[in-house]
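Sharing a structure here in structure tokens format.
First chain written, first letter: the chains are A, B, C, D and E, and each begins at residue 1.
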Amino acid sequence: MNTILQVRDLLVRVHTSILVEVPHLWLERGEILAVMGPNGSGKSTLLQVLGFLRKPTAGTVFFSGRPVASRRDGLLARRQIAMVFQEPLLCQASVFANVAMGLRFRKLPGSTVTTEVNRWLERLGILHLADRPAQTLSGGEAQRASLARALVLKPAVLLLDEPFSALDPQIKEVLIEDLYEILRHEELSTIFVTHDHSEALRLGDRIAVMGNGRILQVDTPQKVFGMPSSEQVALFTGVETILPGTIVEQREGLALVDVRGKRLEAVTQASPGERVLLCLRPEEVSLMGPNQIRTGTARNLLPGVVERIIPSGFHFRVVLDCGFQIVAFVTRQSRDEMNLKEGDPVTAAFKASGIHVIPR
Amino acid sequence: TALSPAAGASGKNVILATTTSTQDTGLLDVLVPLFEKKTGYLVKTIAVGTGEALAMGERGEADVLLVHAPASEEKFMAAGHGINRKPVMHNDFVLVGPAADPARIMGLPLAEALGKIASAKAIFVSRGDDSGTHKMEKKLWKEAKITPSGNWYVDAGQGMGETLRISDQKQAYTISDRGTYLALKNGLSLKILVEKDRALLNFYSVIEVNPAKSTRINNAGAKAFSDFIISPETQEIIRHFGDKKYGQPLFVPDAGQQR
Amino acid sequence: MDLILQGAKHALELLIQGDPEIFQVVLLSLRVSGTAVLISLLLGIPLGTILALSEFPGRRLVLSLVNTGMGFPPVVVGLFVSMLLWRSGPLGGLDLLYTPAAMVIAQVALAAPIIIGLTAAAIQQLNPKLRLQILSLGANRRQLMWILLREARLPLLAAVMAGFGGVISEVGAVMMVGGNVKGQTRVLTTATVLETRMGHFDVAIALSLVLLGITFLVNLALTIFQQRGGTR
Amino acid sequence: MDLILQGAKHALELLIQGDPEIFQVVLLSLRVSGTAVLISLLLGIPLGTILALSEFPGRRLVLSLVNTGMGFPPVVVGLFVSMLLWRSGPLGGLDLLYTPAAMVIAQVALAAPIIIGLTAAAIQQLNPKLRLQILSLGANRRQLMWILLREARLPLLAAVMAGFGGVISEVGAVMMVGGNVKGQTRVLTTATVLETRMGHFDVAIALSLVLLGITFLVNLALTIFQQRGGTR
Amino acid sequence: MNTILQVRDLLVRVHTSILVEVPHLWLERGEILAVMGPNGSGKSTLLQVLGFLRKPTAGTVFFSGRPVASRRDGLLARRQIAMVFQEPLLCQASVFANVAMGLRFRKLPGSTVTTEVNRWLERLGILHLADRPAQTLSGGEAQRASLARALVLKPAVLLLDEPFSALDPQIKEVLIEDLYEILRHEELSTIFVTHDHSEALRLGDRIAVMGNGRILQVDTPQKVFGMPSSEQVALFTGVETILPGTIVEQREGLALVDVRGKRLEAVTQASPGERVLLCLRPEEVSLMGPNQIRTGTARNLLPGVVERIIPSGFHFRVVLDCGFQIVAFVTRQSRDEMNLKEGDPVTAAFKASGIHVIPR
């Protein structure tokens, strides 16, 4: 097996509270695993265990296929892992010294240290801050220094705990592009924690969703976002419409579902009589004005009334009342073209395959 | 170097346990270098209370003692802790007190003076440290048939210098050896009120610690010191010590005499 | 108060004339206390760090014991060290009593608990996540300790100063185990006591001022080092 | 080492018999040193905090002076306080020499610099942004100081212990200004010295053990308070 | 004037570096001012000055119309301001004690403190953590506590420095909704720093964009995002296409602009010959397949070739080569319907009013 990092039967407990409980999780060589989950779900704790910084209450962590038990093994593993913490804790020294610290620990020659550190400072746009005491950095500058400190180590495994949270959008964009190239190019194996769905979608080969210390789902981004395994995951991944329904008819994978008296078509193997939850992402729903000609292949058409229009960046989330609430996502262009206002009658259209069905 | 254990062979070191008075008067600063030059021994002068000096001897932690507490010394010898106890010198004690002399003891015989102090309940500071001087003082009270106690009898629990200073600050009476009194006189307002009583003589002896107690005792060195201090030349130095500084000698050499 | 002026004058004279005796006494004070502090640091800093970082039952008790050590009465230490080094004691054979080495031992016993206790408090005060952060950069135990100590530089140097100040100014223990032997174990404090006892207050004050001056210079250097780079 | 055993036995006896003399000595020790530490805290903590937080030219010098104060030789302090309190001295009229009050004064002079120096280091070590954070919540200066002190609880309590340990174990200064007068100013350390000088090593050890026991109990209480809630 | 907070001639300098230099900035009563800007541009420093926590090198801060000079004034002002710092610095005490701290400073009765604190802990979803030592909180939990600590004070002015950066998307959504209600309802005046454009757009009455310690533009969100005053602001606010051009013709506010030989129509008063920059947000650009019938009112149609398709959350940014680069933003639906691939020929369509013109 080509896994570089693996845990089995992991348990982290403090007093009586279980912080993390993960029967099995692994990271392939060269893979990027994104970890998402609500605050306090144990993401940072898991990362600390994987970074050999925190001894789990029970369970084994394998590095390169071998269990890491002794202190010496731990050090050797740590020397191949770099971690960026959620809060950048820099030492009371210059930015340069902070970024150089890991290389110094590895006793690299001074000239190499200087070259490498400067290269990364440059890359993160903080070369001009090299001689500044780290304590005087702004929040974002500190986070960049913290990133540089890890990346300069050229580790085999990179553990990133919300590494971009304090960065401005411009540098974040550049950095994500950059980092992606590097990760792919150098076959770095990465786990990164993020609260930003688009980051997870963009970078992750797989996404793990945590909740209450457990891993609720690990899957490709498409599956996690499109086919959440539970209501919890669905809610967390931004499925805004979750409708309880009952299967009425099953036609070779296409089912008719009763939702409060309305019939919706959904792609599922569930048999008639089964009670299910229908998950509908707002991106899957398009809106049509009353006079609009029907286009596209949407099999579900639900007439309703605009209840609220909530700005969401340059777009809008539109809450419809169709007997139950449905949330749709529209661009500003669409809103302008339809001249959408609260109270307007509209029709929500979505494909049968746009609905993800999970058992209740 | 000085930080290495015991400079030179341990056989060269002689530990002299003595009372603070001999060190505080500066006498040993004169004698010890002479002795060292003459014999090549290195003396470690440990100035402590008489009680502690004797205890050190008893435990074999010193090689030679220079002390002044005849009664205790006799006990010490009788118990076999020491050998060759020899008289060295004596000085005398004085009863000092505030110039105003509230108990009116100036010039009285010692026992009478002590009686008046006690009956007037004038403050008297005792060293209270079981030193030679303290033992002397206790003996004197006993001879005067008084058991001093009460608020007026202050137990200082300190050395001579500190006791004098406390007496001065409290305008109290005390008994001091003449040497220390003379040495500190300038800073004090106390006056000598009773002196030259036979009972006030203070005898110093040199005692070699019994080498049978422990193999580590440097008896040769102890003997050399003992011989040195009772040698005529040394005795002559003692006779004149203090002449220049205080205008009178502090000690009277005693070597060879019986007392 | 005129005594102080006299003392100050005297102190100047002593220093200007370069009195070799005083020079020797000063040197010995520095050597003994410097060595003692150095040894205490070598012992105390690792021990303090370990006490701060490791979790074991009875840790509080050990810490209390160490903190009690900050209050070891010098005379008690002097007595115990004496008893150890007595001819009749377990280490009597080394013939260390009344040598500078004995004074160093006593001073280590006095300074080490101060260093340990204050080091432990200083390290404990650091953000515990800092430790993980440093480990994650690949530090081994020695490197981790070094960085943590650097982070706690301020209170640690205060600890060093407290320890140094405590022992260089101490007299009870050094008097007991050193014996205040002229030319061998006489240091500034024991000399001061002797001079006071002899009624030479001006000399005593002069010696005290010299001692204070030395302590000040050492602490000035340490403070400048401590405060380098301002308030974090 | 038999002496230590004897001493321990003796110490137990003294305590069990409830020897009123020893009781008085213990009480006075605690009263004098307790008062001195309290006064030192009242003086030292605000001063240390101010020194840590304010920026003014010469701050380092003042800090060095304070740190030098950690190394005030007790005998020097004793001498200076004595000279102040002598009948001929400026405060002679108060008649304080050889009273517990005088001992408190001397001990304050010894403990206050330790408290100031270590407090300053402890407060300086705190994240400077914490101060802003607390101010932003509407704290006035007193409230700010209180919270900061609570944050620096660990090193501060270590400072208290160092200060308390320093003075309760100190003998040079209290001997000088207190005079070791039986029933009035005799404390554990001066009594120990006296017994040692008298050659009563076992009693001296007994007294030392009592002193150590008391210091330990006080420090145990403080350490438990200090470590409450574990490592942050 | 009804400004609650105002600065004049503000300068914050450390040694020789100027951290903030703001001639004039004000906050109206009840207004929400969003502050954006690159890392290190002085946002946090400005907030500290406005919170009377940092003395500026020069300049005056007015609170309720009066200059605040004395320490006493400062305390009084601070008691009406609550601030949430970029990094949540909690004290070594329970979460409850931390949140109660400000109320305690104000000597409120214990029962009030308990009720209020619990109310806010509840609201922020951390009531169950009330008795926990603050040091054991996760990053997001700590940020919530930090928010609760400020909000419980019911201040007149709220200063928030990236207050949501560590929150999970679910609580963030709820909180923003909630907070918006509260701010509006209680007429709270707020300044908040954020790196998230959509937050700024959604909450801000006005947006200030900072750069290099200076305020580059303060305006309504529409103006800042739609009509940036400079290239710097444009770049920062996510204008991805900035084209240098020259005005060729001017027809009553509608200008013809030459861009590398192509003619574009844009709304501007600039006169012919003027050299300008054309700012085009990706949201303004829609794409049409080669066979698609032209709909809408776009006056500019530029044929081009798809160069890259970059996933961006659930949507895509499409980089076109039309002789120069143009970036368009498309939904997944559009991409699927057009079956967009790299190398495909497409036409970019955008309105004349979609282009914002700034002088070069």
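Convention: a residue touches a chain if its C-beta (ideal position, glycine included) is under 8 Å from a C-beta of that chain, and two chains touch if they have at least 3 such contacts.
In this text the structure is predicted, and so the values were computed from the model without any measurement.
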| item | value |
| --- | --- |
| Any chain in contact with chain C as well as chain E | A, D |
| Shortest chain-hopping distance from chain B out to chain D | 1 |
| Between B-C and A-C, the pair with more C-beta contacts | B-C |
| Gap in Å, rounded to a whole number, between the CA centres of chain E and chain B | 89 |
| Distance between the centres, which are taken as Cα means, of chain E and chain A, whole angstrom | 23 |
| Centre-of-Cα separation between chain E and chain D, whole angstrom | 56 |
| Where chain D touches two or more other chains at once, by residue number | 127-128, 196, 201, 232 |
| Junction residues of chain B - those touching two or more other chains | 162 |
| Shared interface positions of chain E, touching two or more other chains | 87, 135 |
| Which pairs of chains touch, using the document's own definition | A-C, A-E, B-C, B-D, C-D, D-E |
| Of chain C, residues touching chain A in the complex | 127, 129-130, 132-140, 143, 147, 150-151, 153, 229, 232 |
| Chain B-touching residues of chain D, taken from the complex the two chains share | 86-87, 97-98, 175-176, 179-184, 186, 190-191, 194, 196-201 |
| Residues of chain A touching chain C in the complex | 48, 51, 53-54, 75, 78-79, 81-83, 85, 87, 89, 91-93, 101-102, 105-106, 133, 135, 149-150, 153 |
| Interfacial residue positions of chain C with respect to chain D in the complex | 1, 3-4, 52, 55, 59-61, 63-65, 67-76, 79-80, 83, 89-90, 114, 117-118, 120-122, 124-125, 127-128, 152, 154-155, 157-159, 161-162, 164-166, 168-172, 176, 188-189, 192-193, 196, 201, 204-205, 208, 211-212, 215-216, 219-220, 222-224, 226-227, 231-232 |
| Complex contact set, residues of chain B against chain C | 2-7, 10, 13, 15, 20, 23-26, 29, 32, 42-47, 59-61, 159, 161-162, 183-184, 186-187, 214, 216-217 |
